[in-house]
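Have a look at these structures, which come just after this line.
Below, chain A partners chain B and then partners chain C, in two separate complexes.
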Partner chain A sequence: MTQERGKLRGAKRELWLAWYVTVAFYGLYSVVFFALARAQPPGRPWLDPGQTVAWFADRHWGLLIGFGLIFVLGGFSAVALALITYSIRRMSVSPAYAYSYLILYAIAAIPGFMFICVAMTCGVMRPDLSPVTTQWLYDLGFLSFVGTMGVFLVGSLIWMVAILIDENGVLPRWFGYLSLVNALTEVVIAPSWIFQRGVLAYNGAIGFWVNVPVFGLYTVAFILLLRDFIRRDDLGTGPLPMPPPDVWGHAKRAVEAVGA
Partner chain B sequence: MTAVDGLADDAAVGGDDAARRFPGDPDMWIFVVVESLVFTSYFCIYLYARTQHEQAFLAAQSALTMWVGILETILLLTSSWAIARCVQCTRAGSYAAARQFAFVTAGLGAAFFALKIAEWVHLIRDGYSFGSSDFMQHFFFLTGIHAAHLVIGFVALGVLVYELSDPRRRSHKTIETCSTYWHTVDLFWVVIFAMLYVVR
Partner chain C sequence: MPPGEVSTSRVGERIIYWTWVPLFAIWITAFLLFPGFIPPVSPRASAAEVAEFYRQDLSRIRYSMILFNWFGVALIPILMLIAERMRGMAHRTPVLRFCVIGVAGGAPIAFLTSTVFWLVAAFRPDRSPDLTLLTNDLAWVTFTCGVPFLIALYLFIALAVAWDDQPRPVFPRWIAWFNVVIALVTVPAAFAGLAKRGVFAWDGLVSFWVKNVAIAVWIVVMAWSLRSAMARDGEVIEAGA
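Right, the complex of A and B next:
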């Protein structure tokens, strides 16, 4: 009995390690892209070659240090992906869901995450390139980062279906529905390949600004729900000992507290 | 289907407080709320753009045919009525009738979708496209994203028919959840129709 508890604690420690790495990865990602490299929010798609060179010069050290950190630590995204994959494996669904999700996100991370780092680093480290080539790298970086969100679409849908048909109570059903919202906002980014200006461009009100809060809400939600899942997980195969958090109960108590 | 109907139904099966207040899966209402906020932001962006270029929007809007929009709205509102009847029949235990209403809903949805595609093709042949003006950019985007929601609605209807087909499944909760999704998509269309076709 004591030996079993010890094993459970050990295995849980590994899951907690993976969760803290996930938090650290998303924290690093936000700091690098928004504060250090200032590559988000995206630049204007209609900058001319001269303005693009100035854009790179203005962010020289931020891009170098920021994307340098991503090249060194970006691999930790694999740990975050592994934790999500484990959560799907813990569900009462076919392992095909977990493996499909794993493969899709592993492949999608190349255009959706790594291309911008390579293109921007190349742009900043090769000032001898012609301004037109620098402009091409700038566009490639942002179009690959924002415009390829669609490749994550199928992954979100796979996770959604797995959550909705799961009978082990690994993640709450509302998160399955939130995955659908996230998937649908990923669709609207596709027109950024067509438009250089306006609401659907890669820095546009619809193309970027509406999606950021949805993606932010979705990311914060799954990080917190994975923490809750690890707390409840008994590392077995059947239903989890405790049900997922009761969002309606929380809402009701909050309303009652405000009323009081 | 109304919240009051849901209340009566769930009270009968002894649901908890949350279930009594919401028809179908209460968690589905997270989708309804968040997706409504997303669409509201699309609508606000459209209205802001319209105030900036009112004359250009009015000129571009004249390319749309009002009766097509009205017909599309009638088709979708009738489909909403059909799915509400489907839920009512399910609650009454008339599963064969419920299935028929589900097929009527799917047929009306398919007719809407076909008409929408015909409208897009007609506009494109007349020289209007995604990039031809700011209004058309909004028009093709809003009607396109709505059509994407409708396609998912067909999947929800498939789940609904699957549930109704076998006496061992027939979960009222799932059927009400699919119905809630369909009503939500219809609601978005009513606002899109009012903004793009009616307000001139």
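Right, the complex of A and C next:
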């Protein structure tokens, strides 16, 4: 704890605070969507209108309190974006990459989480709506949440290119390739706009059970890599004093090969 | 640059700065003109009552919401002036400035989205009352609960001001506490879905009046302190020249 307090007093306090808020935000987001609102894993897209009314009734307080919390704290998603934007500004690439990332993800918040919170709050506030209308809100909520694709697709690619061409050693190259995998999840989710059941539906084997673990892995990876980046950062402008961690030991083997 | 001459950059900032006066006047006008605000439409109103509301006073609903649709987002350039002042703060990184820029669009665009729902409801007042009720709900929930970007904005500014460790900070220290208080009084509006009656309902004292008065007070106080901060920046630049 003393060490953490020290982190929040030192020269890198803005970076460390942003990192802690990022961890707390993703933790809260997972707890709200999975445990409190129980809106993840997503509801079944094939529910008939009457069943969607029951779905809302089953989650009444969870949806209202959970999405109330998102309405309070959702804006803190910008902290992770700010930290990532800073990491891109710290690279040897044009600032256009950093600002593109910031704007793409900032606007993603409106369809990406505001729509589901508004639609589900409206659905749960009016249990006496016609079931067809309730189903419409259910569709709006889930489809906007999983189907906001372009910003995450292009945003991940922007970050990927920045990492791959960076010469300051801010993030490891393998994470650039992992960004490509994350971008591809936004491609394979597209059929969820069309299919109401099966592996391609938004709760299907690909739509949910492959995509969400990939996103989870990606998120954990960038949270750990950002922590490592903050440790190595000298708040300057050139190459970082230490290169990114070499998890597979490639550099060591290369050195040995040269030595031999 | 000859002495006494003001740079284009500073002239440009002054132009944006003084838009806060018409912006404030327009927001108040739209607020007073919209018949759904005084008094606020009740979340307890039936579909028939809500449909009747859109049939009466139709013109005022449209004019006020077109006005708010036009100028609700005019807050963004003023927020960018605040973000620019953050360059002069004693921070080691631009992270807090990026945080402010990251939420600066979201706050007014949540308002813009609610105007879209209100105008859609008013577009065909003879529509099925159930659909009008739904559209009206979407407008009110977006307008009332759509505060996450505002709350984050207030707290980012508060922290930025608190961490501006220099003998003559960009904004006075009390601006940090002021922003914390404004953020705290805005929080209950996020939970307006939980209550259809009482002070926390979307037409209640806390979720409607306190939240909206807080926004008005915030604009006036921040505009006032922004003026001093811009003058300070000018002096710092001239001293360094």
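For the reader, a short list of remarks on this structure follows.
Everything that follows uses one rule, which is that the second predicted complex is superposed on the first by the 237 of 260 C-alpha atoms of A that agree within 3 Å, B and C clash if a C-alpha of one lies under 4 Å from a C-alpha of the other, contacts with A are read in each partner's own complex, and residues count from 1 in each chain.
Basically, contacts are C-beta pairs under 8 Å (C-beta built on N, C-alpha and C of every residue); 3 or more make two chains touch, one makes a residue touch a chain.
Here the structure is a predicted model, which means the values were calculated and not measured.
Of the two partner chains placed by the overlay, only chain B lies in contact with A:173; chain C stays clear of it.
In the superposition on chain A, A:235 contacts chain C only, with no contact to chain B. Applying the stated contact rule after C-alpha superposition, one finds that A:181 touches chain B and leaves chain C untouched.
Once the two complexes are overlaid on the shared chain, A:130 sits against chain C while remaining clear of chain B. By the touch criterion defined above, A:198 reaches chain B but does not reach chain C.
Using the contact criterion defined above for the overlaid structures, shared-chain residue A:206 touches chain B, although it does not reach chain C. Of the two partners chain B and chain C, it is C that touches the larger number of chain A residues. Once the two complexes are overlaid on the shared chain, A:109 sits against chain C while remaining clear of chain B.
On the chain B side of its complex with chain A, the touching residues are 17-18, 25-28, 30-31, 34-35, 38, 41-42, 45, 49, 130-131, 134, 137-138, 141, 145, 148-149, 152. Residues of chain A that touch chain B in their complex: 172-174, 176-178, 180-181, 184-185, 187-188, 191, 194-195, 198-200, 205-206, 210, 214, 217, 247-249, 252. Put simply, chain A touches chain C in their complex at residues 11-15, 17-18, 64-65, 67-76, 78-79, 81-83, 85-86, 89, 102-103, 105-107, 109-110, 114, 117-119, 121-122, 124-126, 129-130, 133, 136-137, 235.
Chain C meets chain A in the complex at residues 43, 91-96, 98-99, 101-103, 105-106, 109-110, 113, 130-131, 133-134, 137-138, 141-142, 145-153, 156, 159, 163, 187, 189-191, 193-194, 196.
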